[in-house]
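By letter and in written order, the chains are A, B, C and D; residue numbering begins at 1 in each of them.
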C-alpha cells in the first residue's frame, strides 16, 4: 500500500445533499410490493437516507472532522489502516457516528470499506487482472466518497447441501453466462443492508466451496441502478406511525434491509474480482467477515453504553439507586459494556500487519463479538427489570397533553428525584424503544446473526487460539514433559 | 365454603354477544387523548374485545365446555377450588384459553377470580360486614358471568417512602372523604389490564402499610362506568397497521392496559371490602398476588410451548435438525417449558386447604414464576438463533404476491424439507412476532414485572422455605447435633 | 408381576453383622497394588462397609422400618413399584438413607435393584429361558437381602469407533468362549461403584451395538468372589488421615469405585441374561440408566438440602443474614433444591405402568437430572461465597486444643450470633468438606458423569418430548393450520 | 520516585539457599498444635519453601533473568512501575513465575510489593515521619531481596458492627499500648498467606473506620520472628501422603495460610506507618487491594491457560475433538482465558500515573477479577465434563506397576490417539488435581474470596465507572437533551 497511491488526487468529501442527489437514479426498489420512485422522499426510506446522511454531515462538522477525515483528505473509512492507532481511530469513528445515530450504525461506509479492505488484503492471492480491478474500484469509491453496500448471504435452501447439490440451482447466486466483456449472474442475496441508499454494491461468496461449485464462486461490484437488479425491502422496523416521544430512536432511525434479486445481471469484466476460483470462496467470505466483525464490535459500543446509561437513569427516576439488586444489575451492565470496549480496543492494539494492512487480532475480535452476542438479551432483561412495567403500559404523549386529565396524569407520574412525570415517561419511552418493540428486536436479531452467527464465532475462536501452547503446558503439568521450566 | 352457596341459583353463562353488549355503557375511556365511544368497535380495542370474547365462546363450545363450566354450571373461573384436582382444572382452563388466545392470556375472568378467591380466603380476617359484602359481590360476578379486572399497582412516586410520607399525597390511591353511604377515593393505578373491556373493577392495596398510611389502606369494587373513573389506555402493543401474515399473533390478539384515574370516586358501602385496616393492607396485597401467580404460571404454558414448537419448526424449515448446537438449544427450550409445567402442576397437587379454599403451594408457585421470568429472554435468544436473520429482514407478503418478481422470490425462499418459500416466511413471521417487536417485548416485560417482580419472588421463596429443617440438617452434618440419625 | 411371586417365601432382612460377614470370602480386591485380605477391616474400606451397613441398620430400626421394609417383608428396594405411590416411597427411602449417609448414597441396594427392575421390565423382550433366569436371580437377591453392584461402563478406547472396530479388541467386555454350561468373558469395566462390598455383580452393555458387535452384547450376573474377577479400587476419596472435625463427612463416609477386570471369567448359563442379541444392547443399556436416573435424582436431594442448609447456617454464623446479595444466593440455592425435589416427585406421580412396573416419567427424570448436574458447581460457588475464605485457611482442631494459644484462638473465632469459635469452625469445616476437597470434587464429577452424561440427558430430553404436539401448535400459530381452535 | 533513590546501592539478588537460610530464625509457627522447628525441613512446609524458592531460582536463571530482574538490578517485583510497559512486565513476571509454579502463585514478592507500592503511593497523604519510614522499609526489602507477606483481614466477629462496637474488643487488631519508642498491638489476622516462609510481615487495616475506631487504625511492618507473633498454620491443602503421579500439582506445590496472633506485640516507631488516622484506614485498605487485584489477574493467567489446555488435552485423549458439545465447551474455556488476559493487559496499558506510580486501570482490573471469579466453577465443570468420570475413579499408579494385572490394566486404559494408558491416566490425574480435591477447592475459594470478595468487586465497578457520561447519553437518547450531536 503506497502512500502515493492514497494521495494520488484531491479527495472529494461529498455533502449530505450531494449524497441524497446521488440516490435519485434508475434503481429498482420495492416496498410492500410497490415500486419506490425516490428513496429520499419515500415516507419510510427518507429516514434511512437521513440517518445515513449523518456520515456526510459529520465529515463537514468541525466537531468530528478530525475523526471523520483521513490523512489523505478522503473519508477516514477509506483509509487503509496500517497501525493499531489507525484501527483505534477507525473504531472511534464508527463508535462516534453510531453514537450520533442513536445506537443505530450508519453502515454506508463501514460495510463497504470492510469489503474493500478485505479485497485489497487478498489482492496478491487473487492475482492480476483482479488486483488492479480491485485497486481501481477502491479508488473509485474513495475518491467519489461513495456509499457502498455488501451482498453476501445467500438464501441457502437446504443448509446440509453445497450450492451445486441444491435441488434448487438458484439457492446460491451463480454465473449463468460468460461474455467477452463480462459475466452474467443470477440468484438472490438476503439481508442486504443499506442497499437502497447506497451507490455501489459489492457481492461476495458466503461460504467455502468445492470444485463442483465453481460457478457459484464469484465476487464483483455493480452500481445500484444496474439493470436486472431488484431490491425488495423488508417491512420490518418501519418508522411508520411512530412519533419522536414514544419512539425517540426508531421514529427516525432506520436502516433498510433487502432481499436482493439478480435477474441475469451483466457485470463488466473490470468489476469482476473473482470468478470460478472455488478454492478462494471461503477465504474471501471469511476475510470480509473478519474485518466486518471489528466494525461490529465498534458499532455495538454506543448500544452497550446506552444500556448502562438506561439502567442508571431508570434507577434514578425510580428512586432505586440504593437497592442492592439494582446495584448488582448495574454492575453487570457496566462490566458487559466495558469488557466489550476493552476487547475491541485491545484487538486493535494487538493487530497484525498483513501486506501492509493492519488486521485486528482475530481471536479477540471474535471473543468480543461472542460475549456481546451472548449477553444482549440478558442486558435487555436487566434494564427492563430496573425500569419497571410502565415500559409496556405507559400512557401516550397525547394523554399528557389532554386538557382535562393531562395535568393530573403528569402529576401522578412524577418520580423520586424531582423528575417530572413527563420526563420520566420520556426515559421509559426511550428504554421501551431501545429494548422492546421492533427496534429492540432488530438489535437482538442482529446481535445473533449479523456479521456471522454465534456458532461461527465459536469455531473461529477455537481455530484462532494457540492450542499447541495450551496443550504443551497441560502436558508439562501432567508430568508428560519433564523439563525444569514450563514450555512457552 | 358450602356447596349450597355455590349452587344457590341457576348459573348464567353469557354469550360473546351479551358480553360485547355489556361493554357499551357510559365508561370513560381514552386512547391517545381521544375519547372512545364504543370499545367494541374501536379500531384497536375491538381486537381486545374479540380476544376476551374467546372466554365466552369456549364456554358455549362443546370442545371446551367440560373445562370451561364448573360443577355448579357457572364459569369454572368462579368455582372455588377445594382440592388439588380443582386447581389442576383451573390451571388447565387457563392454559387452554391462553392457547386458543395464541399465547396471550384472556384474563377477564382469571384476574378477577384471583382477587375474589383471595378476598374470600381473607373474609374471616376482615370480619363483618365485610365478609358478607365480599360474598355478595362474588355471587354477583359469578351469577352474572362478569368480566372483572383488578387495579392494584399504585404509581408509587419515591419508592423509598411510604404512602403517607410521599411529597405528592396522590402517589398512592386513598380515601379522601367518608359519607354515611360510602367512601370517596382519589388517586391513580397503573398497569390495569383488561379494564376497558371488563364489567367490574376490584381495587386492592399494593403494599404493606403503617398506621400513618391508614387512609391508603382500602379495598373495594366498582362498575367500570362509575362516575369519576377514567381509563387512559396505553398505546403500546397496538394492532394498528398489522396484517395477519406478518403478525399472526399481534395483528388481532390484544390486551389493553390503562392508567386508571380516580377523581373523587364514590364507592357505596356495600362495595367497600376493607378501609383503614392498615395492618391488613400487606396481607390483602400479597394474598391476591399469590393466587395470581398460580394463574400466571398456568397462562405462561402456551407461551413456553410455542417457543419450544417454534424452535423445532425453525430447525426443520432451516434444515438444521441434526446440527449439534441446535439440538442443544432445543433441549434447553424443552427443559424450560416442561420444568414450568411440572412445577405448576405439582404446586396444585401439593396445595394447602385454607378455610376450605385450596391454595397452591406458595414456594413452588414462586419458584416456577421465577424460573420462567429469568429464562424468557434466553428462550427468545435461542429461538432467534435457530430461526435466522430473516426474522428481521423478511420480505413482505405483498412482495410474494407481486406479479413480476413474486414468484421468483418465493422460489428463492424455498427451504430444505420441501417447505415452500411462502410457508417458510409464515413460520419466520410467527417467530418474529412471538419474540421481537412489541408483542415479544410485551411478553418480556410482563415476565419480569407482572404478578410481582423477580425480587419479590425471591423474597417469597426465602420466606416460604422450611429453613429450620435445612439448618437442622446442616448442623447435624457439622457434628453440632450428635444424634445417631439426622433430624427430620 | 404377580403378588404371589413376591411373597412366595418369608423374607430375610439381614443384620449389619450378617452383611459384614458375607463380605469375607475369596474376593480379589486390590488397593494401591496391594491385595486386601478383608474389606471389612481394611483401613479405608471399612468405612465403605460401615457406610453401606446403614442400609441394614435402618431396616432394623423402628424409625425407618416402615420405609425400609416393603409390603412383602423384604427390603423395599426389591419391591417392584406398581404405582406412583410405590415410586414415591422408593424415592423417600433412597432420600432417607442418603440423608443418614451424610449426603453420600449407600447404593448397595439402589443400583442393583435399578438393574433388576430394568431386567424384569425387559423380560418379555428377552424371552425364555432368560426371563426365568432373571426372575430367579431377582428372587435370589431379594430373598437373600443381598448387596448388588452393577458394572456397565466399558473403557471404550476410541469413542468414535464401535466395539468391534476398536484396534484394541478388549476395549469393551466381550464373550471369548462358549461352553455347554455357560460363557467365558474377557475385558474391563470402569466406575464400578460399591463392588468391593457387594455380594453380587450385574454386568450390562454400555451402548447400542450393531451385528458385528454381537460378541460384545452380553448381560449376566456373578458373585463377587468369582474366579478371574479382579477389583482394582481407586485411591480417590480416601478416608486416610482425615478426622471427624475437619472432615465431618468424608472422614467416615466412603464409597469405593473399581476398575473391574474380567480375565476369562466363566458365567454359568443360569446367570446369563442376554448374549449376542446386539439389537437389544442399547435397550438394556438405556433401560437400566433410566431407572438409575430416578434413583439419582432421589439420592441428590440430601445433597441439595445440605447446600441450602449450609448457606443458611453460614449466613447466620457470619452475621450476613440481612445482606442483599446473600439473600439472593440463598433464594437461588432454595430454588435449586426444591425444583429438583418437585421434579423428582412429579416424575414419580406421572409414572407409566409398563408390564406391571411403574416407570417414572422419563422426560421429567432427565430434566431433573440435567438441572441438578448443570447447577451443582454454581451451588458450590454460592455456598463458598457466603461461607468465606476460612473454608481454605481454617486452623486445625489441635490448635483450638493447644494449651497456650488455643483459648485465644477460639475467642478470636467467635462469631456474630453468640456462636462459639469452635462451633463456627465446625460449620466451616463441614462446608469445606461438602464443597471442596476430594469429597466435593467427587460429588461434582458424579453430578456430570454418573448415571449418564449431561449430553446423554439432553438427547433423551429431545427424544422424549412430545415434539409433534409442540410443532402442531407452532404451525397453527403461524397460520399454517386454519382450524378455529388450536390442535391439542 | 527519583531514579537515584532506586539505584542508591548495589542490589542483592539472594540465592534460593540464602532465602532458605533466612527462614531459620526464632519464628513461632504451629502446625496442628505442634511447634515447627525449621520450616525448611518440615514435611509439609518444605514444599512451601521450595515453591517460594522458585522466585530466587528464576532470578538466577538465564531464561528468566530479563523478566525477573528490574532495571536497577534488584528483583523486578520491587521496581516501582512508572509506565504501562512496566506494568506489563510486572504482570509477565507474575505470570511466568506462577506458570513455573504449576498454576500456584509464589506470592512472596508479589503481595509484599503490592503493599509497598500502595504505601509509597499514599506517602504524601500519610506525611512525615511516615513517608520516610515507608521509603526506608521499602529500600530495606528491595535491597535485602526479602520475602514479604501481608496480614490484612481481621476476624471481624459480627460483620454488621464496626471494630469499636464489637462485643469482643479483639475482633479487630488494635493498639493496646503506646510507648516512646513504639506501639503495642493485640489481635488476630486470618488468611495470612506465605507468612511462615517470609522475612517480613506488613500489617494493614481491613476496612474503613470511624473516629471511635481510632485504635484499630494502624499499619506497620515487623520481622516474622518478632516476639509475641504466633503463626497458626491451616492444615488445609496438605502435601501429606500425595505422590507426584496422582497429584502432579499439589504433591509439591504449597502455599501456607496462617491465622496470625498478635499477643501484645511491640512495634518500634520506625516500623509504624500509620496510627490512629481512622479517616485513612479505608484508603490504605482499598489502596493495597487494588494493587493486589492486578497481581491477582496476572497470576490467574496460568490457571486459565491450564484449564484451556486441560480441556484440549482431555478432548484428544478421549477421542472427542470433533464432538460438537466438546467444541462448544472448549471455545468457552478459551474465551474465558483470553478475556482475562486481554483485560489484564489492557488495564496495564490504560494505567494512570499517580505520584509517579503507574496504577492499572481500576475499572478494568475489577471487571477482569470479577469475570474470572464468576467463571471458575463453570470452567471446572466444563473441563470435568470433557475429561470423564475417571477423574474420580482412576486406578493408582501402583496398580499400573502391579506384576500380575498392571500390564492388562494399562492396555485397557489405552486411548484413541495412540496415547498409552499410563499417559492417559497422568492427564486425568492432572485434571483431577487441578479441578477437584483440596487443590481445586483452594483455587475455587481463592477465586471468590482472595483479593476482596465478588461483591466488593461489583461495588468498585459501580464506583469507578463514568456514570455521568453514560447517563448524559441516555438523557440525550430520551430527548431530554436536545443538542444536535450527543454529549461526550
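Note that contacts are C-beta pairs under 8 Å (C-beta built on N, C-alpha and C of every residue); 3 or more make two chains touch, one makes a residue touch a chain.
Keep in mind it's a predicted model, so treat the numbers as computed, not measured.
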Copy pair subunit B, subunit D: interface residue numbering same or different (half cut): same
CA centroid of subunit B to CA centroid of subunit D, Å: 51
Subunit A-subunit B separation of Cα centroids, rounded to whole Å: 38
Contacts with 2+ other chains: residues of subunit A: 325, 328
Arrangement of touching chains [line / ring / star / complete / other]: complete
Residues on subunit A engaged by subunit C in the complex (per definition of touch): 323-325, 328
Footprint of subunit C on subunit B - complex, ascending: 61, 63-64, 99-100, 102-103, 244-245, 248-249, 302, 305-306, 308-310, 312-313, 316, 327-328, 330-331, 334-335, 337-339, 342-343, 345-347, 349, 363-364, 367, 370-371, 423, 426-427, 429-430, 434, 458-459, 461-462, 465, 467, 469-475, 477-480, 485-486
Contact footprint of subunit C on subunit D as seen in their complex: 30-34, 153, 155, 157-160, 168, 170-171, 187-188, 190-191, 230, 232-237, 240-241, 246, 257-259, 261, 263, 318-320, 322, 325, 374, 376-378, 380-381, 384-385, 388-396, 398-399, 401-402, 405-406, 408-409, 411-416, 432, 435-438, 440-442, 444-446, 448-450, 453-455
